Amino acid sequence: MDAVEPGGRGWASMLACRLWKAISRALFAEFLATGLYVFFGVGSVMRWPTALPSVLQIAITFNLVTAMAVQVTWKASGAHANPAVTLAFLVGSHISLPRAVAYVAAQLVGATVGAALLYGVMPGDIRETLGINVVRNSVSTGQAVAVELLLTLQLVLCVFASTDSRQTSGSPATMIGISVALGHLIGIHFTGCSMNPARSFGPAIIIGKFTVHWVFWVGPLMGALLASLIYNFVLFPDTKTLAQRLAILTGTVEVGTGAGAGAEPLKKESQPGSGAVEMESV
Amino acid sequence: MDAVEPGGRGWASMLACRLWKAISRALFAEFLATGLYVFFGVGSVMRWPTALPSVLQIAITFNLVTAMAVQVTWKASGAHANPAVTLAFLVGSHISLPRAVAYVAAQLVGATVGAALLYGVMPGDIRETLGINVVRNSVSTGQAVAVELLLTLQLVLCVFASTDSRQTSGSPATMIGISVALGHLIGIHFTGCSMNPARSFGPAIIIGKFTVHWVFWVGPLMGALLASLIYNFVLFPDTKTLAQRLAILTGTVEVGTGAGAGAEPLKKESQPGSGAVEMESV
Amino acid sequence: MDAVEPGGRGWASMLACRLWKAISRALFAEFLATGLYVFFGVGSVMRWPTALPSVLQIAITFNLVTAMAVQVTWKASGAHANPAVTLAFLVGSHISLPRAVAYVAAQLVGATVGAALLYGVMPGDIRETLGINVVRNSVSTGQAVAVELLLTLQLVLCVFASTDSRQTSGSPATMIGISVALGHLIGIHFTGCSMNPARSFGPAIIIGKFTVHWVFWVGPLMGALLASLIYNFVLFPDTKTLAQRLAILTGTVEVGTGAGAGAEPLKKESQPGSGAVEMESV
Amino acid sequence: MDAVEPGGRGWASMLACRLWKAISRALFAEFLATGLYVFFGVGSVMRWPTALPSVLQIAITFNLVTAMAVQVTWKASGAHANPAVTLAFLVGSHISLPRAVAYVAAQLVGATVGAALLYGVMPGDIRETLGINVVRNSVSTGQAVAVELLLTLQLVLCVFASTDSRQTSGSPATMIGISVALGHLIGIHFTGCSMNPARSFGPAIIIGKFTVHWVFWVGPLMGALLASLIYNFVLFPDTKTLAQRLAILTGTVEVGTGAGAGAEPLKKESQPGSGAVEMESV
């Protein structure tokens, strides 16, 4: 690669191709993780007459699919699988804006494909509304947003605490699964529990029903924002300067997958297949 | 900082400000952890007519919220979130008396705010008594205290064994969650299961009902005391001298977060944000 | 061993005996793991009148037996206990063809013995069809194959991610158990959930009933194939050359137990009992 | 200590006192672990009218109490808490005969105290037969012994695999808990599930009922014996010579807590309280 003259037309297209290869693997991982999350998670909500799912069963299914999806993809993309988590990483200067936008797009496409697959394999009489999130009658929209905010607050705090290289080294899969299940054990009663705009978006697109859909964006994103501020500026503040934060935001500086990873100048792209599974920057 | 004349008025206020900054992060962590514990734990006890919670569901929710709260705050404060645990650490010379008193205050405020939030989001007809702990009719107060003592005994033994740097290195979140769930699987039948005076205090303040509230302080604190003596003086005695224990009690000597950590002379306060998440002494 | 003239008749029989000893321990481990998997997993499906098993109870039992079987045998054989997993390792160049065939044979024998033991200890009126997999009436065979494909896709992705030395070092037992339980929480409604041709084969042989048995080979094997391609060629491609892949396929080159392990030239057989629990090549 | 004349009367009483201090901590740990195991495990079987325990709830409680008891005591005694496990360690040359006998005695006393405490705190109308193990009507004694054998076989294999320093380093608590829960998910239907003669002995002594009590010694001990032979001589044979095995049997040579630990000549007793939590030999 070094033989190409920096700054020339060839150099620009080489850089673009390099960037695309670096991020396409991470986007595929986000697509795959969110698709599996919606297929299995929303699949557990289906009301089979001979075995109606209990709140505990649904919550444990979301626990297990989260742990599996994180275990498979965290080294490839950081395993956000959730626009609220991606927003939190953006606010905490752990991901660039272009990459964040691309992540959310991949998550929404993955959620839609997962919901479509579920629609395809489910017997007609059991599909009903494909488990879309709705607000319970005796619960006001304000209470629904407040609950979704609190559920996502604990989720994002747990994601940061489980991927922060200053605190832990192993796979965050089990802990993040625990936090998703915790949210469902309370949230199901109020809104069927979103904590994840993509989880709400996928089924809504397939069924074509967006009643109070905004609640499942506003609540989770506000919770993620609050959690990111608490974690990154109160509980475990890191030492990034404003200049570094801006460089990360625009993508000129690379960050490791998890919270707490230091910001390093743009590295040569790691050889594909070398086993090195570091996130490349874009 | 070193330019100030030791012993003068300026030096005293500088020390006070330095101490406050060191402990305020830990107190916020205790407030946050206990608030989340009460909101989600007591939230799982709510009796939604269409889905009455089983004993197993409540116990698993307490398991998950404990694991999440410990994972998020153990590096900031040791994640006690429970006056009984703080007492056990005090008796085992792992925390100073001023810090212990401040911890308990933060835990009680956190529990009250958590219960208030729960009261706010719950539909009126489902709030009932906000899951306050009461003694079952067929159970005597003596049996209730004995059960709360045994439940907290196993919890505190498990907290020590999971945070003792001589035994383990990873996050204690999963194990402490397991122990809290274990207590609930038995204790719910007797007292709704406290094991944590703050958990009982929060809802009682919001609802204004303190019937036999003393049981949920006496039982857990006696169990914590017994466990601390068993662990620190029988099972895994450490080598602290009496002089060291007194220095720790008054706060002139620092200890690491977990049981088994050696006592070191007062260190310069670690730079905030340096990622160093050691507990400062007070 | 070195005194024998290479290439002579003595040398050939010595090599055969050495190979047999190396693989017999691994085959016994596959036999044991699959037998325990079928005895306990299918045992949880039995319909005791006083305590009909819930979907959650069956799924958690499959979770626990998988974790136990993997914990006991992963250092001896890699703990496949599933022809679909063995196919995935074969496609990913992590096992030779002879060894794969021998593994599948040991798994099928183990599954049959496990089912026979279960048949033996179960009271007559409760055995019924010994939990064989069948397709639900309202589900088409196409939907059944699609569901079994998706269930096994996530299982194999999780097996690779949990045994890939580039990603993790500890025991894969807990994560693989989580993935098996996840599959059952959705799959039970469609086909009683196979994800493992050996699990379907054992009870079918004992009961003598093979209705749509092919679904429980085609679905899982297609899912395993797709997962192996995704993991080994898209998400985390490794650097094996075509020559190396052919050498591994024929057994002339050794690989470590998990995905991501590098291919090393044939090593002297590790001393039995030396505690070295590396997989020998065949 | 070294000033005393070896071989004289003083020397003998010094040795006896030293041995007693070394083993008393381990015996107290076995007493504590088994007592907690019976109190919480058998406590979960109690039939509270308003909340009859499901099979899943009982199994999960045994899971959690096992994990907690192992986490607290494995560094002090190896956390057997079960005569069958102690027999397996004896057969595998991981413990001396005198220490094994002392362990079993401490386990039986602990189980009796745990059952007595449970009897004390339980309301009279709910105690019934204090959860003693009995064989189900439709199950023959032969089937009951076979089932108890298979349940304990998988338990002991899992205990070895989770404490074998050649395979793993972390706490075995979670995995051993998983294996105990697995046994209960199947065994409860047949015998209420023992897998542990001490668990059956404690309640039987308090209630004074020993119907077919022998099943809960013969089944588990045979399963433990078979598992020890499989693990230590087939799956992961170690390199101990016959002479070493005899020296370990009689107690003249020390072994680490877990399976797979090498045998070392008798070391000076580690200083109490030095945090060194190695098992001393007797």
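First chain written, first letter: the chains are A, B, C and D, and each begins at residue 1.
Everything that follows uses one rule, which is that contacts are C-beta pairs under 8 Å (C-beta built on N, C-alpha and C of every residue); 3 or more make two chains touch, one makes a residue touch a chain.
According to UniProt, the chain labels map to these proteins: A, B, C, D = Aquaporin-6.
Worth saying up front: this structure is predicted, and the values here are computed from it rather than measured.
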{"item": "Fraction-based call for subunit D (Aquaporin-6) against subunit B (Aquaporin-6), same above half, different below", "value": "different"}
{"item": "Chain separated most widely from subunit B (Aquaporin-6), comparing mean CA positions", "value": "C"}
{"item": "Chain centre separation in whole Å, for subunit D (Aquaporin-6) relative to subunit A (Aquaporin-6) (CA means)", "value": "44"}
{"item": "Length of the line joining the C-alpha centres of subunit A (Aquaporin-6) and subunit C (Aquaporin-6), rounded to whole Å", "value": "31"}
{"item": "Subunit C (Aquaporin-6) residues counted as touching two or more neighbouring chains", "value": "54, 56, 60, 170, 174"}
{"item": "Pairs of chains satisfying the touch condition", "value": "A-B, A-C, B-D, C-D"}
{"item": "Contacting residues of subunit D (Aquaporin-6) [partner subunit C (Aquaporin-6), same complex]", "value": "54-56, 59-60, 136, 138-139, 143, 146-147, 150, 154, 157-158, 160-162, 166-168, 170, 174-175, 178-179, 181-182, 185-186, 188-190, 230-231, 234-239, 260"}
{"item": "In the complex, subunit A (Aquaporin-6) residues that touch subunit C (Aquaporin-6)", "value": "25, 28-29, 32, 36, 39-40, 43-44, 46, 48, 51, 53-54, 56-57, 60-61, 64-65, 67-68, 71-73, 75-76, 117, 120-121, 123, 125-126, 170-171, 173-174, 177, 272-275, 277"}
